[in-house]
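Below, chain A partners chain B and then partners chain C, in two separate complexes.
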Partner chain A sequence: MHTFLSRVNAVSAFSLSTLAALTFLCFASTFFINYKAPVTITAANIVLKNVPEYAVSREKNDLGALRFDLSSDLTPLFNWNTKQLFLYLTAEYETPNNKINQVVLWDKIIKRGDASVINLKNQHLKYYFWDDGNGLLGHNNVSLTLSWNIIPIAGTLPTWSGTGSYKLAFPSEYTLGRSY
Partner chain B sequence: MLQLDFLDDLRRMNIRQLFYQVLNFAMIVSSALMIWKGLMVVTGSESPIVVVLSGSMEPAFHRGDLLFLTNYDHEPIRAGEIVVFKVEGRDIPIVHRVMKVHEKEDGTVKFLTKGDNNNVDDRGLYANGQAWLNRKDVVGRARGYVPFIGIVTIIMNDYPKFKYAVLAGLGIFVLIHRE
Partner chain C sequence: MMDTVMGFSVHMDFEGQKLAERLFQIIVVAFGAGGWLYGYYVQDFFITVLTLGAGFVLACLVTLPPWPIYRRYPLKWAPPEDAAASTSASETATGKKKKK
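After this line comes the complex of A and B, so read on.
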């Protein structure tokens, strides 16, 4: 009856089911949490060029560039089931070509234990702001939003946007030359 | 020493009991299949549970983590979410994040992905000449996450002999073990 193997079996089965139950409780206890937070974004040095995006085709597309300031306190987003935040700054706008355009311009990973108050000044974009065509010229309603994808220790992967966005206006003439 | 009592179990079985055991085994296999197919119907995804096979999404997902996917048509693809997609010429689906979305009035959408741990976007991974992914390339979007559990399947795929040994062992156990 009480062989070594049966004891190992009983102990491992019990510890596995306990672990599973605890993991589920961890997920359930954080499922309904609201992950909103206020964000302040401003942009400056906005320039626009019209150059070929060779990764897609030879046609010329609009390429925007800007610097931005960003500040937010993300400490409240961390709880016992938050492993990591994936922050991303999205430009969202409408063009004659496309009803919805979303371009991620910058992102950052904040791991549990890292500094979770963000205060960036005059930050460069991390990714190119290419439009799908020539829709950015003179566009005055491009909204910049900071969003986050919460990576749990176990559970769902919710995506939330910060309250507070910045409305970006592009010049109505292309910048010539190399300068940025 | 290992106890070999279970062989006595087998010896004492009559033909009825043997049938019962075989049917029991078939029941387990078919209910596993039913659960998998049922999940496919409920989630709308051809592969509702996937194991992360690469480190390209670290530190969010590591090798061996388990992801639950859904793939409902009415849910649009949006920047920032994690999708699982297939690329022509590659057998293994890729789990990466959507970085760019362009959606037309009629709902046709093209998007670009990138792994959190990669320095460049995925255009180098796509099929030759492909610059964007479309809705039909998506296997599912990541909805739930459980760490580590999938490492079992990775070990089994890395060591096929181990897989066959485990499967044979479990099969034999179920067949000859008396209820």
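After this line comes the complex of A and C, so read on.
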């Protein structure tokens, strides 16, 4: 403390320790917040095809396709410890092959400061809805759910699901041709 | 012996060092606590970081330069050996320890 540089060192080190403590307190102040929010999902234009997925094998697998409407107000999820949200739409269903199938169909990143009210109409899927066999044919209990990862400024990376899902039914015959 | 920056002597005496350390602790913690509360109020952590940064700058201005308030208790050195030849060596050794 008697030289200039040792005082620079002491003040800087003490300020950084204080910043670390404040950051931890910021995390602690948001740790118990409930990040649920209501979501409305509907789907239409549901078609089902049976085509080879060459990335896996030459065998034909079920490929679903649909358009969806999605609306939700995610503004309450943003607080001072939220940096961005990662939203993803999941289809979950049960088949004879697997007790639980989860396929991510679509995702979106909402950064802090972006519009946080979602209102999508007639949206295409972003990723292929492949089943790992023929489990989608005539399946009438596929639920679409929106979930999100909260990416914080400091702290844990919690995953929450929206309340409200859509129950999807696939046709019991494959769609032929290229028409969607 | 005394450290200098560009020709200026920058040392503080012991009491001054104690005061400077206490002052920057108070300033940084006060700005940090106030910034945390205000950042919580407006729900923006960047405000907290900016306020802490302002406290850091203020603490630097207050405690880095050797202001006169930090030099009010200069050490009383024993007189040099040759100027006071009559004083014995044992008395000199019991004087104030040299600053490191």
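Keep in mind that, in the parts below, the second predicted complex is superposed on the first by the 179 of 180 C-alpha atoms of A that agree within 3 Å, B and C clash if a C-alpha of one lies under 4 Å from a C-alpha of the other, contacts with A are read in each partner's own complex, and residues count from 1 in each chain.
By definition in this document, a residue touches a chain if its C-beta (ideal position, glycine included) is under 8 Å from a C-beta of that chain, and two chains touch if they have at least 3 such contacts.
Everything quoted here is computed from the prediction, not taken from an experiment.
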Worksheet item: Are chain B and chain C a fit on chain A, or do they clash, once the structures share the same frame?
Response: fit
Worksheet item: Which partner does A:S57 reach: the first (chain B), the second (chain C), both, or neither?
Response: first
Practice prompt. Rounding in steps of 10 degrees, give the angle chain B-chain A-chain C taken between C-alpha centres.
Written response: 40
Discussion item. Quick one: is A:N34 in contact with chain B, with chain C, with both, or with neither? Answer first, second, both or neither.
Written reply: neither
Discussion item. Residues of chain A touched by chain B versus by chain C: which partner has the larger set?
Written reply: B
Item to complete: Give one of first, second, both or neither to describe whether A:I153 is in contact with chain B, with chain C, with both, or with none.
Response: both
Practice prompt. State whether A:N122 touches chain B only (first), chain C only (second), both chains, or neither.
Written response: neither
Worksheet item: After lining up the shared chain so the two structures overlap, which partner does A:V11 touch, if you call chain B first and chain C second: first, second, both or neither?
Response: second
Practice prompt. Could you tell me if A:Q102 is touching chain B, chain C, both of them or neither one (first, second, both, neither)?
Written response: first
Discussion item. Can you report the least C-alpha distance between chain B and chain C in the superposed arrangement, rounded to whole Å?
Written reply: 7
Item to complete: Could you give the residue numbers on chain A that contact chain B in one complex and chain C in the other?
Response: 3, 23, 153
Worksheet entry | Residues of chain B that touch chain A when the two form their complex | 3, 59-61, 76, 78-82, 97, 99-105, 110, 116, 121, 123, 131-132, 142-147
Item to complete: Sort out for me which residues of chain A touch chain B in the complex.
Response: 3, 23, 55-57, 83-84, 86, 88, 90, 92, 97-104, 107, 109, 111, 127, 130, 132, 147, 149, 151-157, 159
Worksheet item: Which residues of chain C touch chain A in the complex?
Response: 3, 5, 10-12, 17, 20-21, 24-25, 28-29, 32, 35-36, 39-40, 42-45, 48-49, 52, 55-56, 59-60, 63-64, 66, 99
Worksheet, complete the sentence: In the complex, chain A touches chain C at residues 1-4, 7-8, 10-12, 14-15, 18-19, 21-23, 25-26, 29, 78-81, 153
